[in-house]
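Please go over the structures that come below.
One chain, chain A, appears in both complexes that follow, with chain B as partner in the first and chain C in the second.
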Partner chain A sequence: MSTTTNYHAGPDAVSAKTSRYRRVSKGRGNFELWSWVFMRASGVLLLVLVFGHLFVNLMLGEGIHGVDFAFVAGKWASPFWQTWDMLMLWLAELHGFNGVRTIINDYTEKDRTRWILKGLLVASALLVLVLGTLVIFTFDPCLDPSSTLSVCTAR
Partner chain B sequence: MAQAANGTLYRGREGMWTWVAHRISGVLIFLFLFAHVLDTALVRVSPEAYNEVMDAYKNPVVGLAEAGLVAAVIFHALNGLRIIAVDFWAKGPRYQKQMFWAVLVGFVVLFAPFAIRHLTIVFTH
Partner chain C sequence: MTATVEEKTEGKVGAVPTFTVTIRVARYNPEADTEPHFEDYQVTAHATDRVLDALHQIKWEQDGSLSFRRSCAHGVCGSDAMRINGKNRLACKTLIKDVNPDKPITVEAIKGLPLEKDLIVDMEPFFDAYREVMPFLVTTGNEPTRERIQSQKDRDRFDDTTKCILCAACTTSCPVFWNDGQYFGPAAIVNAHRFIFDSRDEGGSQRLEILNDKEGVWRCRTTFNCTDACPRGIQVTQAIQEVKRALLTSRF
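And now, the complex of A and B:
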């Protein structure tokens, strides 16, 4: 859209050039639109991923009582759950990151406070994404000497 | 810059307090996820380290907190679907109030059986 020609101007229109109201942000492109779309798309996927995660870990078998190292080893022996957790990790962290970014924008009035909070947010997201990804793909079930998984008993 | 005092798109009655609850539940889940990824990372330290922390979590206080977390997740997810329907479904805005009640009914239907099963496990072990 052009900022100089005002095609739909009514009788009281202020030309976009002289108006103090800037609808079109400078240089950020469609970032906010894409982030809005991402929140909705990731939300729908997360519904399935997180509900599935909670159901398998809390409702099946012995529920929370059955969660221990051997339980995790059993799940991550399968590429299915590795992929599931990987998707859940990235989508939940990015969705949450984006949501909290909006909240920081809404409530902080001083630039300094805003940048400090956003710095903490970026640092925590990087930590969670890098650590979480490494943990899924470098997991070693055979750290447990009593493991009965075939990969370990074969060693 | 948007400010709290300027209000938001979802302001007014049911829409207003569900919006607040959606925010609070979202932040809560996000904070939980941070701690959750750190404690899950203990599986890379040693089986003992992970099991020790998991054992420490197996008590009624943490059990109730887990139920609270799941309540937040169920509410946030169902209300998230309602927001998506208001945005994308042509009749969404007209039915937003009915959908608010659908969220509450869905919440009870999902949370009640979960809470019974989870709290039974928590309090009988």
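And now, the complex of A and C:
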């Protein structure tokens, strides 16, 4: 619904080609809708996942004193905890990614700054996601053959 | 009331007490200044005077070069929205005694729209966004020979958003709009809401799609600045959230 308007305004007004008010957006599509839904849904899920994680690691058994290399290896030997931790990693990272993306959109004024910051954001998110997922599925506490950990020497 | 006016013209202290108040106006002359600066004016005001009366006194008696918009001066036309003591209000609906006349009262142009002179901004970007949401009745089929009948309940559904006078107080109080001139802004969404929830209108889904834009309702951060600023008391943030909900329920 664009209408041609006869503008009688100064050089920084809408008539100027570079005006930040010139309505250019044809950003139709449901991306922002889904990102809005994702923020709420992942937020609720993360509440369960994170507090479940904290409870299991810090309250059950020996509590915080029981957390060591072997404890982590034991947890990740089970597909249940692998799935739990991977879900937590992905949801938390994407939730944070989306939040920071929103903040960048809200606060940057120049397109250049916006793209640089978003580039850094995407790079860091990819790094965390790839590295994190890799560790969850390939974690081996005895990778070092001279390891003195009880879980390795017992073998 | 007449008595008050007579006393005012004679400059006597009558039943309504007078006091001196400093009005600190943001002045900007595009031909001479690079950016706005504040200038102080001493004004003798009655307790019944509005900020608009003080501005009139400045323009008519002290400095004729002061520029501001006003038309009806009774809170209906929506011409004189300005930032008074840091809050967007209509100068014609704000009594001086209500904005602490003990200290200088700052009066600035509304933020986020291109400043043209003193308190006048270019409203075109605001109206461009307004036009884009199709603020008119959309129907199909034959026109009825009589009125389009609507139940009281259906009318009440969108009653709140019919009150908008397009003064731009809400849109120019929105921090998202300050930084991003592309955001539709509360006023455009309020006026889309007025038709989306009108049972006689058939363009609702089109308007919802327009507001599903990346510069649409999803940019709202629910800071409630718009609701605070609205001189008509419209629950602006609620209207925006209702549009969001309508978009979601149209998907699920």
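Simple rule for what comes next: the second predicted complex is superposed on the first by the 113 of 155 C-alpha atoms of A that agree within 3 Å, B and C clash if a C-alpha of one lies under 4 Å from a C-alpha of the other, contacts with A are read in each partner's own complex, and residues count from 1 in each chain.
In the analysis below, a contact is a pair of C-beta atoms (placed from the backbone, for glycine too) under 8 Å apart; a residue touches a chain by one contact, two chains touch by 3 or more.
Since this is a predicted model, take the numbers as computed values, not measurements.
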By residue count, which of the two partners contacts chain A more extensively, chain B or chain C? B
Look at A:Met59 in the shared chain and tell me whether it touches chain B only, chain C only, both, or neither; answer first, second, both or neither. first
Between chain B (first) and chain C (second), which, if any, makes contact with A:Arg112: first, second, both or neither? neither
Considering only touches as defined above, state whether A:Phe31 meets chain B (first), chain C (second), both or neither. second
Which parts of chain A are touched by chain B and by chain C alike? 105-107, 109
Contacts from chain A onto chain C in the complex sit at residues 1-3, 5, 7, 9-10, 12-14, 19-21, 23-33, 35-37, 105-107, 109
Any idea which chain A residues touch chain B in the complex? 40, 43-44, 46-47, 50-51, 54, 58-59, 62-65, 67-70, 72, 89, 92-93, 96-97, 99-100, 103, 105-107, 109, 124, 128, 131-132, 134-135, 138-140, 143-144
The residues of chain B that touch chain A in their complex are 1-4, 8, 23, 26-27, 29-30, 33-34, 37-38, 40-41, 43-44, 46-47, 50-51, 54, 58, 63, 66, 70, 73, 77, 80-81, 83-84, 87-88, 114, 117-118, 121-122, 125
Please give the residue numbers of chain C that touch chain A in the complex, ascending. 30, 113-114, 116, 122, 124-125, 127-129, 131-134, 175-176, 179-182, 209-210, 212-216, 218-219, 221, 244, 247-248, 251
